[in-house]
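Got a structure for you, questions after.
A, B, C and D are the chain letters, set down in written order, and residue numbers restart from 1 in every chain.
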Amino acid sequence: MTNFTSNIKTVDQIIEKTRVEVLLKDEIDNYQVAYEINKADIHTTLSSLKKEGWIQLSYLSAIDWPDENKMELIYLLFNWETPVYIQIRSKIDREHPEVASIIQIYPGAKYYEREAHEFFGIHFPGNPDYEKQLILENWDDIPPLRKDFDPRAYSDKKFPSREYPDQFSEKDPKNKKREKLEARDIRANKLRSGGEKQ
Amino acid sequence: MLSTKFTKKDDVVKTETDRKWWEIGDYFRRNSLWMLMYCTGCCAIELPPSMTAAYDMERLGMGPMATPRQADILLVSGYLSPKTLRRLIYTYEQMSEPRYVVALGSCPINGGIYHDSHVVINKLNQYIPVDVYVGGCMPNPESLLNGFVDLMQGIKNKTAMGWKRYHEHYDWYKANQKHSLGELIIHDEFHE
Amino acid sequence: MIGILIGIGIAFFGFVLQTSIGGINRKIVGRLQKRHGPRWYQEFIDIFKLLSKRSVCHGWIFDFGVIMALGGIIATAMFMPVTSSIVAFENYDNFFIYVYLLAVGMLGMAMSASGSGNPWASIGVMRALTTMLAYEVPFLIVALTILNLTDYSSLTDIMLYQQAAGNSWFLIALPLGGIVGVLALMGMLGKKPFETYIAPAEIASGPMVEYGGKQLGMLFIMHEITVFIEVSLFVHLFLGGASSIVEFLIKYFIVYTVVNLISNVNGRFKIDQVVVFFYKWPLFMAVTQAIIAIYFGWVI
Amino acid sequence: MASIELLLVFLVFASFIAYGLTKLNTFAGSVFTIFSMMFIFVSLAMYGLDLGMDTTVNYLPSIAFEQTYLGAFFALIITFIYLMVSFFHPYFIDTYKYKDTYNFLFILSLVGIIGAFYTGHFINLFFFFELVIWTTMFLIPQGKSEDAAIKYFGFSVAGSMAMLAGIFLIYQEAGTFAINSGLASLTGGSATVVFILFMVAAFAKLGAFPLHIWLPIAHGNAPHPFSPVLSGALVKLGAFIGILGLIKIAPSTPVFEAIDLPIGQYIIALLGSLSIVFGTLMAIKEDDAKKLLAYSSMSHGGYILVAFSMLDGIAFAGGFYHILAHALASAGAFMAIATVARATGTTKIKELGGMIHKMPITYLAYLIAIISMAGIPPMGGFVSKWLIFQAVTDQGLVFVGIAVFFGSVGSFLYVFRPLSAMFLGQEFSEYKDNKEAPLLMLIPTFIIMGLNIYTGVLPSGILNFINNIVVELGYASVTVTTFEVHGTNGILNPGLISLVFAVGIAIAFIIFILLKKSRKVGLMDTYTAGNFVHDEHVFHYSEDFYAPLERLYEKHSHWMTVFYKALAHKVKELGHMCQYLFMSKHMSASILWIVAVIFLVLVGELL
């Protein structure tokens, strides 16, 4: 077990070497560690980590914090030799969320940035086609994964749902079935109570 | 027999023979229904058990078919997002007449558990005519076969006329599709 | 004129026979998988349902090809002798007519399939022709041996030769030839191991992808009659034909059921595996059988 | 009583007139060529069929004519192909650099052909043979590449030199230049040597297996209207020489007792079957439609060789019928491709698609031509293939049988490739504006379509004429009644097959008409598993059509070209060695060799 904790230590030393101001360090488990840094240090940290061996950008996702008026970006890196996931988190302004694209460091980020733009509205100057439509076809509302988007209102607006009539429609209008049931219950109770009148 | 007082002699014979031919055709259509399984949602997992030993679908003369041109039933199994609905309508229009739609699960009925999601439609027969709904959040094979038998009954007494409704109210359906899906045929980078 | 009427009768008989036997076989396969198979007349219902539907047409070549395919196959079936006495055209039922008039049916379907404009259909047609190239050569080599031994190329005479006193059926007389005949029959029928051209999973039922109501119905009729021609060709060449209708029906049923059962336990080959398979063992067996039978004259 | 000599003289004058006329106005020149071709064909058909031509010679020096059914048969077919193709000239002539020489050489090559088939004298045969080679050699570079002409000329001259050597050997052995008596009097070793030399000439001209490299290059790059002539007609010259070698020379090689066939004949049959298999495999892989048809002519040349090397009347009848059927079919197919090339400018299969919507008649012409090429019943190809199969099964040749059956099924594959990739499939937008071929070009297509069907339905007329040839060559003729053809072990009634085929189509048509009318839908509205596809090029399956099949023999398909490259390399090395030895710079070496030569001559004198 020892070498796993030492992996986290090696990651710490790497981060200290980069002399980046770490706002928060969160050790999720033996294989995953998260660092929160400022927006300006993203490029330096990512390029230094890539040199150290974290060559795969597994995912780039974003979280919308409306009450703090912040938009948080998370870069998930993975190293195939020493199996440790590193999360680089940084909070950016929510009104005009804009982060320089990391396409030069990780070319794979092209589609992640396009997706982040489509679902959160974050702009990535440097990525040539981040405004293009990727998954949602002909979307005509604010980016759907932002917290202030109300899916129920959109669903009611766009997709008419089925109206159910108030009272239940009677399957057998002549009510014969209901009378038969009531007669049967009366008979059963009479038998149960030895035949005297209820 | 219809009263022949008002309609001309050969008209009656023609409509009568057509109706007779149509009824014979109904017998054949009823007993050999081929399905195009549009496995969009999670209800698709109910189909293999309904084809294998326990609930053999083939004894009703039903079987899976590869393309819409050959299929009679369009089996919509589960929730439909606008993207899948566009493809579904395109495939529905490619099927040969007379065609039927069987909707599995509660999602096509009223959106099911995704009723408040921004990507799932709530009522399928708003866009294409549905002949038989099979309710239940993943209906078991028994209710599935029950639904198919209902469809057969519908064909027999000519209530399963979804495809005729589609022709008569064509613009109503198209208006609904336009409202919910915007443009039906997509031209973008991936469909050059 | 009488010959043509008898021929049409034989073609119709072939269609009805094969469709019902096909239905029975679907029931047998159902029982094989521990479930009730469909009704025995299910194939009839399928075909008549298809004929009652209104389908799509992609231009005049799409329809002309289907008509030419069905016409070619009906013409081939009209030549086919049922028993050694019932044949439409006396001593004109030459062996090579069947091999080549089938090609007319195949050409008609291939033309209308690639005329439908769907790439699946052209790929399916390409696979069908490649499979035809694969199973045709070994089968014709065995047929060459049979024709050389009997010195007749008309099927009725080959049947009479096998039914004659001293000679045994060619399935027994030419054992290797018989095996190649069965393999080639499975290739011709498009049964499972060689079903690459109707592969529903890979190319959406190959050439039939664009056919709907009546065109698909006519192609189903054509498929049934083609199966009738190929299985009765096998029966006449290898099982000594039949002197009476009952004997023909029994042999026909046994051959088709055996081939169907073999096919239901097999997966599906890739297209170049089919060609490599047929040019390895069946061709080797056919050639050795030919050399043994023609040059050394060892016929059991 | 047309005399052959007058015909030839008329043709020579006609070529000069055509030369002058095309200089003034190309259309008039080409129309004049059509009329001259028509005149020649009519006179040959009228008198040539029953050997009515008079062979007296009064103007031309040292040329003797002799009439045979064999010569008449070949001359008639080739003149017919020339006539059909000449209808194409008015529309194609403007695209060539030397318009007037095209017409001139076209007519002159016909002179060579008719002369070759009507002489009884070897030297005349060789002279007319060379005339044909020279004229066609200058016609081919008018197409796409000069290199094709060089390769064509190289192989043809090699063939004719081999024939010349054979002729001299015969003269030395038998003392006469007459063809029939010369060949008949050969015996023993010289017969086999002459046989081999004639076979080399036949293979070179037919484009059969070992000497086939020039065929696709010459046909592929020849001018569009000339390749039908090249493959339909000129290949038959090789067949003519093959017949001289195979049949007229008494087979002197020891007999192969298992199949009672002389070894020489059996080897030629094997080489013929090799060229069938090789031609089919290369044609399946080919992407250019004209090269594909060239390989098909190579494979059909193999059929002709197999037919004539079996020393049996039925096989010869099959061979002659196949020559006729193949000439018609390949001429029809090449003309259809020429019409498409004229409209679209390319013959590459992967660049074309959906031509049927604009040119339905050309499509029908191509369809009927390939049905005959693949040997499918209602057309002529089936009757000839049936006769050849009768002979192969009767003699029990197993390995030849494999190749013959592989060729017949394989020909169905490669002829279908241009049909489905070029004519059917999606309709390309860039070819939207071109129309059907003009009326003058449609006349030959209709005639050839009619003839293809006629040769398939009623073969008795032609087979009776072929029987005269077979009897003239000294073999048993095929028993032919008005409707039936009696093979060795079976009877074929092509008329009945076509009638029954028509009945079948009538039944299918009735079924089709009775049922509901289907809805008209465009070609792009097809099953795409729900995807939206808008560009028809993506949707047209034409590039390497038989990919799985080609993968199987991809690596081995180039070893013939590799062999010839190595051969060329060796010849160059030999040249360098001689140059080093004899033409070296310093004088002493050359003086040494001169002295050596003088010494040898003296020794020769003294002994």
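FYI, contacts are C-beta pairs under 8 Å (C-beta built on N, C-alpha and C of every residue); 3 or more make two chains touch, one makes a residue touch a chain.
No experiment lies behind these values; they were computed from the predicted model shown.
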Pair of chains joined by more contacts [C-beta pairs], B-D or C-D: C-D
Separation of chain A from chain B, taking each centre as the mean of its C-alpha atoms, in whole Å: 35
Gap in Å, rounded to a whole number, between the CA centres of chain C and chain A: 58
Residues within chain A bordering two or more other chains: none
Numbers and ranges of chain D residues touching at least 2 other chains: 527
Touching two or more other chains - residue numbers and ranges from chain B: 67, 69, 94, 186
Touching pairs - complete list by chain label: A-B, B-C, B-D, C-D
In the complex with chain B, residue positions of chain C that touch it: 26, 30, 33-39, 42, 45-46, 48-49, 52-56, 200, 204-205, 208-213, 216
Chain D contact footprint on chain C (complex, rising order): 4, 7-8, 11, 51-59, 61, 63, 66-75, 78-79, 89, 91-92, 94-97, 100-101, 103-104, 106-107, 110-111, 114-120, 122-123, 125-127, 129-130, 132-133, 136-137, 140-141, 144-145, 147-148, 150-154, 204, 209-210, 212-215, 217-218, 221, 270-272, 275-276, 283, 287, 290-291, 294-295
Parts of chain B lying in touch with chain D, wherever the complex brings them together: 67-69, 87-88, 90-91, 94, 185-187, 191-192
In the complex, chain B residues that touch chain C: 24-25, 28-29, 31-32, 52-54, 56, 58-59, 61, 65-67, 69-70, 72, 94, 96-98
Partner chain B, residues of chain A touching it in the complex: 132-133, 136-138, 140-141, 144, 149, 151-152, 154-155, 158-162
